[in-house]
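Structures follow.
Both complexes below contain subunit A, partnered by subunit B and then by subunit C.
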Partner chain A sequence: MAYIRKRNRRIFLIFLLPAMLVLFLTTIYPMIYAGYLSFRSYDLAKLFVPRVFVGWSNYAEVIGSSEFIHSLITTFKLMAMTLSVQLVLGVGIALIVTQKLPGMPLARTLLMIPMMISPVIVGLVWLFLYFPELGYLNYFLSFLGIESIPWITSTNWALWAIAIADIWQWTPFVMMGTAAALQSLSPEPYEAAMIDGNSRWDVFTRVTLPQLKPVLVSLMFLRAIDAFKIYDIIFVLTKGGPGDSTEVLSMFIYRQSFTFWRMGVGAAASFVSLVIIVVLITLFFKSLQREQHA
Partner chain B sequence: MSAITLNNVIKRYGAVQVVHGVDLDIEQGEFVVLLGPSGCGKTTTLRMVAGLEDVSGGELSIGGRVVNDVAPKDRGVAMVFQNYALYPHMTVRQNMEFALRPMKLPKAEVDRRIGDTAEILGLSELLARRPAQLSGGQRQRVAMGRAMVRTPDVFLFDEPLSNLDAKLRTQVRWEIGKLHQRLGTTVLYVTHDQVEAMTLADKIVIMRDGHVEQVGTPEEVYGNPRTTFVATFIGSPSMNMIEARVDSGRLVAAGLSAAIPARFADKVSEGQAVTLGIRPVELKIASGDEPGAMQAQVEVTEYLGNEALLDLRVGSHELVAEVPADQRADPGDMIHIRLNEAAIHLFDTASGQSLAH
Partner chain C sequence: MTRPGLQQKILIYLLLAIVLIVFLTPIYLIASSSVKPSPIMFQRPPAFFFTPTLEHYQDLFGMRPFGKFILNSLIVALGSTAFSLTIGSLAAYAISRIRHKRMNDVAFWILSMRMFPPIAVVVPYYIIFKATGLLDTPFALIIVYSTANIPLTVWLMKGFFDEVPTALEEAAAVDGYGLLATFWRVTLPLAAPGLAVSAVFCFIFSWNEFLFALMLTGSNAQTATVAVMSFWSSDAVQWGRIMAGSFIILIPGVIFVLTCQRWLVRGLTMGSVK
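After this line comes the complex of A and B, so read on.
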């Protein structure tokens, strides 16, 4: 027995090793190295200058910088815009595609396509749509008598332009999760409500939504983490501009690290955003636990 | 006035017809059980009465009003489902409140109704619990309570006991019977369990393949089955069925012969193929010299306490006899039995219809 257990453990390790190695090289080592860098002064332009230990000064600079605060606010703004619309649209579409109507399974499959496309491609597609002079979107809007909108060139519109592209790509995710949850609900309580004469609104708000809540909360949570890390679409569409109107956290970090070549400050900013995410996750799970015990 | 009337009611799914012209009259306050094997159309019929399935043909009336196109909520019915159909995130009280919500009653009235119903069903202590915190029997009582608070004209039960264990089933069955006596509301109840049907029903409707085979009181369907199907479906163990022929004024089958009971004398003709039905309790152990005694070999003996079931081979027929336990024989024994001729049922073999009617 002991021999078999020992041999099994060795096989486990052998099978796990490649995955662990990749994880270490692409995630754990860079994270540790970033942690190291965040306490150093490191100019990417001066590769051979020693990286001097500077204590917490990178962190102090990040937290004290109005640009960082601005990017944090922009991130939360974008998060609020995308999550709220994705929630309403995702649940709405899920309610439609789970109806027993002809063509719904096909519709469900087609609706998932945006989610399968790489965000860079999504960004390029929307770039074509948004393009100031030649974009399709303004072309079609002109038929409706709407004057062309400076989607990605105006500080008023740029964040919305990014939000719309993100909503287009990720509403299907919310839709898919909600549809799966809807289909797992037992039909009998709905028949009981039908016989008792409860209105559709009552049934939706008091029977369906409360039962969907755990799934919706999880979906929103996953979307929130993604929204915190949003990068590709913005890089393709606006690169954080015009001005700093679409500079979210990831763009701030990118700019500090690879535009201004201040790797130490960039690393410190990454860690600050990591702390924010960890705090959010902890609060989320705490509230979930509280709810389950209630 | 009838509480519920089904007039040639048909249900079709596409080209497939599953309920074939059901006619049924349910009186006010009557407890009617739809009984039949799986797939006989009993639940579909109930769901048509509830309004959860459209009626494909015929006429369905509740309280004298044709309701074919009336929404479920406007039919004055309440339904208890097999899987309870409780709202899992609501407490017992909230479940009942939600059923009352469309009626827009004053709060005091809502509280009174829930209080009274909980009292009757013994749920008063459980009002703050959620379904997951209740036992199966308690959940089924909540489901009944949710139907009761609305004080409907008709209760519909869809196999309400089939998710309960045997002991609980007996108890809840008893509670349902008591409740019906107390409330006097019309009940339409679907089950495949003949014990439920026999114990609860004023009237049993036996269905098979979408047709009504027989409608009658429990005594009628047991004592006077109209078809071989009803004869074998009602009663446990099942009635023994023997293929026989009328020969020189007697019923003759391989290794077996019996006089034709007087009440069938003018209903059979010489040479007619008939099916002889005899309930296991009407096969009596006899001594070898008794008139009509037949030799039988005991193949299996099942001891049940008070009585015993003997699987017998008589000629080429396999019969079951239910005898007092102290008269039981052992497997392999040769014994003599006789048929209680007064209890013989005769059916036309070709049509399966009883010859008594």
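After this line comes the complex of A and C, so read on.
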């Protein structure tokens, strides 16, 4: 026992400590620093030099501002839009591409491509499609009898324009995870259900979905954590506009810090966002551990 | 599951065709627009057959130093990959081998490090790098990207180390190998596929990143993703150059998907899908 403990300590020191130190210095320390900055005021002449201690006033300003609350609501609205569509479409496509038919493995592979494309490029190609007057999307839609839609120039449509780009990039993620889970399901419950004379829809809702549930929950958590951080696509497509219709939390922080140069307010909002993401991550890990113990 | 009948087969392939068209059209548009002459860029109906031109690529590399930005992207991506693989695989080995009840917490702590919103730490990074004179250097981005790449490497490599039998390491210890020598000569070679997969993930993440590159670099260390965005301005959008640059940037990711898609599930779902 003593030998093992000594060996463990050596493995810990040589192998694990460097990573923990690096991550502490590069992640935890900047976060603590962000916390420190959020209690300071700033001078427009020396932007990046924190000045006097101002207590909770930056936080009071953030939480009391209707723009911040609006950005928070927009973030969760966008999250709800993208996650629900990605879940339904992803599971639906997974059911198609897991059929034992020729060409399906290739289709699965091709459908994964969007995930590995830089979000800036995703934003740019959708900008190309949405572009007022010129973009091809409205032209394609006209064949379905849909009238021209002012995608990125109207406050009603801009959030959907962003959601569609995100849905395009990340539905494959739900598809991929669901397809992997579907292929590892055991066939027995299906045979039993089919013998009992259930319809396909009944089999899907009563046999398949309950078995997929843990995987789908995990996939949705990972998507939620990502959706909370969404930035690049919005930066390319709308920069938060028109008006403030697509100003999500990360855009709010960006504009406060780098457009209005209110560093303290930006830092305070950053800290609020860190608290929210910690809650999301903790819930995710709790659900993962519950699944492992089950 | 039951075998689908002919009618169902036709329906399935019809649906699949629609899905493929929707998901692949944007990629086709990038590729075709990058070699499409500017006058017919937005022609209706879109021109499927045209004489391809390399003018956008010539513009890209001729008038602006796009080659330099690609080189910057390569330096940053390779640097961060090398650093993350070294630190990350060592840590993964420890997590895989130490039997202790707190190890699970350590693993989750490391993993959670890659989930934080980048925008929340960009101001502290800016101030720290400005104070240390590292702003607008590849070094700053290498450090920042490693905060996401190390956790990913740890997570992937742990899975590969778990599959290496400890009996081999014990045999090496009997032969007089030390801890590091055993790791280097016995365990790591057996987990080589894991290193390759982790390397590709780290590379693609760094290569594709935009937010930090935008905030922490200027004319000196600017990467390709930021450079492509600079062809966009509200008065004159240079679509040809944007599409040519975009096509170059998306090549590594596409190659990765086509060659090692089976590792994507493991790398992207953080172990929640087996």
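Here is the rule we go by: the second predicted complex is superposed on the first by the 242 of 294 C-alpha atoms of A that agree within 3 Å, B and C clash if a C-alpha of one lies under 4 Å from a C-alpha of the other, contacts with A are read in each partner's own complex, and residues count from 1 in each chain.
Basically, a contact is a pair of C-beta atoms (placed from the backbone, for glycine too) under 8 Å apart; a residue touches a chain by one contact, two chains touch by 3 or more.
The structure displayed is predicted, hence computed values, not measured ones.
If you put the two complexes together on subunit A, you find that subunit B and subunit C both fit without a clash. Shared-chain residue A:Phe271: touches subunit C; no touch with subunit B.
Working from the superposition on chain A, the subunit A vertex angle toward subunit B and subunit C, CA centres, sits at 80° in steps of 10.
Legend: residue contacts after superposition of the two complexes on their common chain; A:Thr109 is shown touching subunit C, with no touch to subunit B. Legend: residue contacts after superposition of the two complexes on their common chain; A:Met194 is shown touching both subunit B and subunit C.
Comparing subunit B with subunit C, the partner in contact with more residues of subunit A is C. Judged by the touch definition given at the top, the superposed model places A:Thr259 against neither subunit B nor subunit C. In the superposition on chain A, contact is made by A:Asp202 with subunit B only, not with subunit C. With chain A used as the common frame, the shortest Cα distance separating subunit B from subunit C works out to 7 Å. Touching of subunit A by both subunit B and subunit C, each in its own complex, is seen for residues 194. Touching subunit C in their complex are the following residues of subunit A: 4, 7-8, 10-12, 14-16, 18-20, 22-23, 26-27, 30-31, 33-34, 37, 48, 93, 96-97, 99-101, 103-104, 107-122, 124-129, 131, 134-136, 139, 168, 171-173, 176-177, 180-181, 184, 187, 190, 194, 215, 218-219, 221-222, 225, 228-229, 231-232, 235-236, 249-250, 253-254, 257-258, 263, 266-267, 270-271, 273-274, 277, 281, 285, 288-289, 291. Considering their complex, residues 186, 188-189, 191-199, 202, 206-207, 210-211 of subunit A touch subunit B. Those residues of subunit C whose C-beta lies close enough to touch subunit A in the complex are 1-4, 9, 12-13, 15-16, 19-20, 22-24, 26-27, 29-30, 33, 42, 44-46, 87-88, 90-91, 93-95, 97-100, 104, 106, 108, 110, 112-113, 115-128, 130, 143-144, 146-147, 150-151, 154, 179-180, 183, 204, 207-211, 215, 225, 228-229, 232, 237, 239, 242-243, 246, 249-250, 253-254, 256-258, 261, 264-265, 268-274. Residues 50-52, 71-75, 77-79, 81-89, 98-99, 101-103, 146, 150 of subunit B are the ones that touch subunit A when the two sit in their complex.
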